[in-house]
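In what comes next, chain A is part of two complexes: it sits with chain B in the first one and with chain C in the second one.
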Partner chain A sequence: MKAYLSAFRMRRKMEMQYRGAVLGGIVCQVFFGLVLIAIYRALYAGKPQPMPLGRISSYVWLQQAFFRMLLASDPDLLDKIRTGSIAYDLCRPLNLYGFYYARILAQKMMGSLLRAVPMLAFAFLLPEGWGLQLPASAAGLAWSLAGLGLGLLCVSALENITMGFTMRTLDSRGMQGMLNMLMMILSGNILPLTLFPDSWQRVITLLPYAQLLDAPIRLYTGDTAPADAPGILLIQLCWVLALTGCGILFWRKNQRRIEIQGG
Partner chain B sequence: MNTIRLYLHSMRMLIRSQLQYPASFVMQTLAQLVMQGGEMMAVILLVNRFERLNQWSAGDLYFFFGLMSVTFYLTEIFGRGITGNFPFLIRTGQLDTFLVRPRGVLTQVLCSAADPRRITCVAVGIAALVLGCRMSAVQWSAAKVLLMAEAILCGCFLILGLFIIEGIFCIYSVKSVELVNALTYGGRSACEYPVDTFPGPLRILFTAVAPFALVLHQPGSVILGKPLFHWPEWTAFVSPLSGFAVFGITWLCFRRAMRFYRSSGS
Partner chain C sequence: MSYIHVLNLEKRFVIREKRKKGALSREKKTVHALQNVSFDVERGELLGYIGPNGAGKSTTVKILSGILTPEGGEVTVGGRIPWKERKEHVRRIGVVFGQRTQLWWDVPIQDSYDLLKEIYRIPDADYRKRLGEMAEALQLTELLRTPLRQLSLGQKMRAELCGSLLHRPDLLFLDEPTIGLDAVSKLALRDFLKWENRQYGTTVLLTTHDMEDIVALCPRVMVLGHGRKLFDGTLGNLLSRYDTVRTVSVRYEETEARPVLPESVPVQRDGGSLVITYAPAEFPTAEMVTLLQKAGTIRELTVQSRNIDHLVADMYREMDL
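The block that comes next holds the complex of A and B.
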């Protein structure tokens, strides 16, 4: 366990290094947030919806703030797979899946926290209808934090499954691109899931991608009442277990048929 | 003229070389289709819920989306050297080899890469354009066809110009490129919708700094028969030229910046 923890800590420190890149990322993400909210405001002016505009803008800001949680992969591992130096990792007295799970978890957690804190502070300062609202209730905030934690575990497990595909094909850019796009759409980053047709939402919110950010955000904004929160968290937990289990099996199978090339 | 022939020649070679691995190429091209299709789906879902955006009907919105997609991804196919590869050229020091050859640096950068995978994104854009024209019942005329071609061509130069800004930043510092992404990729995402969607400051940004409004939206709105800001129709033929202006200015800045280029490569 100690070894995995230190892998986690190392990666966390590494993610703290590039502060300039973080600043650039924040400016870019804030810009995207403002553009999206401007579009939704103009659409709302034409045809108001039952869901208040303030909730949509909160949704957009939370999605943008935690963007890094969705799209961050471990370039080291990709390189290792391509160059064959993954052989060194196979020599470690560790479970490979656990080792990389700890790394990707640290990267996603630290990367998104570094960006989220200043962005959310900025979004709180914006006027009503543009910015981030306070959470619907204290209970909602507590539940959404728990949900965010589970979402983080879920997205790390998903990332490791994508990595598993890379081990199989070497050049996985096509596969990765498709999986990433699926994630961006179905997690609500491109268009809030709350604006999808209502009949679609019933299915989409059950998929793993909705567990990453959509579920905790709905708990935050009050779209999901705190009373329903345990059920939501249970769905998240099921997905975390299922995805981690699939990932472990997938990696074990990959490891058995791995072929190192080059040297 | 010679430069253009060289450029076309290298495009042909680059595209042929990418087609040497058909399976990988097909897979990546399909991935692009899914990606751009996803963007299109977001617009369709929004239209489905809200029906219209200010004065623009569903068909108009598809039209603007298509116009931006076609322009942006044509630029990515043929200008990949600038839109994608430039930071890489600087980081690895490959740019140094360009400095000793008897051609302009920018020409060589443009000749160094192409990205034919984006062809499916252009296809999605064309589909959106056709759908938009059908739904908005556009009355075509020779002038409008010409206007559309002008808008797309000038749009390509505008986007190249914006990516050159990114390149200039790269010359001074290898990192921190993400900041300029707000103008390029942010501009693409925002200006899939007509500019009057946005409040004052963003409108000024997309008219005066990164003039997507002048290059794409003004001609587009005239083609749809609803001129933006009620400007007279002839302005639509003049305003796209601002795309060339942006390209020209950034090109001059790029040449100046190259004087300060210091190799970081090995």
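The block that comes next holds the complex of A and C.
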């Protein structure tokens, strides 16, 4: 267990070295946040929607702040698979799935926290209808933090399955491009899931992608009442277990038919 | 039973090749990476493993280190089947893949070692002692806080070797460890490997294209070609079959001096000296020197056997590799 923890700590430390990337990411995500909110404001000016504008802007900011959780693959891991340096990791007395999971988790957690904290501080300072609102309730905040934790486990498990596909196809671009597209739409990053038609929402919110950020954000904004929180967290937990289980089986199968690239 | 026991090892790969016509259709082709390879290695041996590119050397190493599963044959290392008892097996081995890296690119190498310590569960005291000893021997002490990306190729290779030996493995696989290194780094690396082998009885299996590595380190050498074992024995035995020609270069005080030699022995002029190529089997060297002395006063004389790389090239050619 200590080995996995050490890998986690090491990757976290590494993530903190790329300060320029953090700054660039923040600028980019702030820009996206402002543009998206401007679009929703225009939409609301034409035809007001049932969801209050303040919630939409909070939703957008939270999505943008934790963007790094969704769309970021560890370039080192992809490189290892592509060039065959994975051979070293294959001859360690470790479970490779767990070892990579620890790295992915560290990268997603540290990467998004480093960006989220300054961005959320900035979003709080913006005027009403542009910025981030305070959480609907203290209970809502507590539940949403728990939900965010589960969302992080969920997205790491998803990423590790993508890694498994990369091990088969050797190039991450095809499979990742497809899965990322799905993720961006179904996680609510492009269009808040709260704006989808109600009948769609009933299905979409059950899918794994909604568990990453949409579920905790709804708990924060109060779209989901604290009383319903245990049910939401249970759905999240089920997905974490299912995706992790699938990933472990997939990797085990992969390891039996592995080939190492490049002599 | 010997420490490493390999019997009738078989490994096949299926390669998909693009057909000439049709962008989407692919043809499957089976490549026999290893066929019927058998050998045994005792504890503490230094074994050199040579053969041209694509001979199956790395595939053997990957099977022995538990990464690949072979299609047939028996393999045990220290009584364990590598790919079946992978975790227990890899705890006792160390691997250096010369062209890959196991250390983390952006962090000080000491941090990578600390992670390896946790992975192999090396006790604190052992770890400190071992790292101190290895860093000293490999001249890494000053570099422990430097990120890997700032090291030169030679430093990087020494750092990789240190990482692979921290847990004091019984068996060390070296896959082209001296590739791209300068002379000083190569010599330092070889000295260290000899020392490690003597000190701890570490069994070493070395694959390389650098014949000097083999000459310096390995009493026993195995040749692999097209996935088959072609030779297993001492380097001396291997080369004596190909080492059939000597070149003597002689320079006389008198510029017009000409030794009297049989017609079959070619003589070439190279600047002020004469270069003579002969086969010692037919024309003993002592006799050659006597003949040369008769022709005049010798100012300079050197006898050379052929470069070992040429011998190996001849050998590969004859074995049709």
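Keep in mind that, in the parts below, the second predicted complex is superposed on the first by the 261 of 263 C-alpha atoms of A that agree within 3 Å, B and C clash if a C-alpha of one lies under 4 Å from a C-alpha of the other, contacts with A are read in each partner's own complex, and residues count from 1 in each chain.
Keep this in mind: a residue touches a chain if its C-beta (ideal position, glycine included) is under 8 Å from a C-beta of that chain, and two chains touch if they have at least 3 such contacts.
Computed from a predicted structure; not experimentally measured.
By the document's definition of touching, of the two partners only chain C reaches A:Lys2; chain B does not.
When the shared chain is aligned, chain B comes close enough to touch A:Gly25, but chain C does not.
Shared-chain residue A:Leu94: touches chain C; no touch with chain B. By the touch criterion defined above, A:Ala42 lies against chain B but remains apart from chain C after alignment on the C-alpha atoms of chain A.
Comparing chain C and chain B on the residues of chain A they touch gives the larger count to B.
Legend: residue contacts after superposition of the two complexes on their common chain; A:Lys13 is shown touching chain C, with no touch to chain B. The contact sets of chain A with chain B and with chain C never meet.
Residue ranges of chain C in contact with chain A, taken from their complex: 13, 53-54, 58, 62, 65-69, 87-88, 90-91, 93, 95, 97, 99-102, 104-107, 111-112, 114-115, 118-121.
Here chain A touches chain B in the complex through residues 18, 20-21, 23-25, 27-28, 31-32, 34-35, 38-39, 42-47, 49, 171, 173-178, 181-182, 184-185, 190-191, 195-197, going by the rule given at the top. For chain B in complex with chain A, the residues that touch the partner chain are 24, 27-28, 30-32, 34-35, 38-39, 41-42, 45-46, 48-54, 173, 175-179, 181-182, 186, 189-190, 193, 197-199, 202.
The residues of chain A lying in touch with chain C in their complex are 2-3, 5-7, 10, 13-14, 17, 76, 83-85, 87-88, 90-94, 256, 258-260, 262-263.
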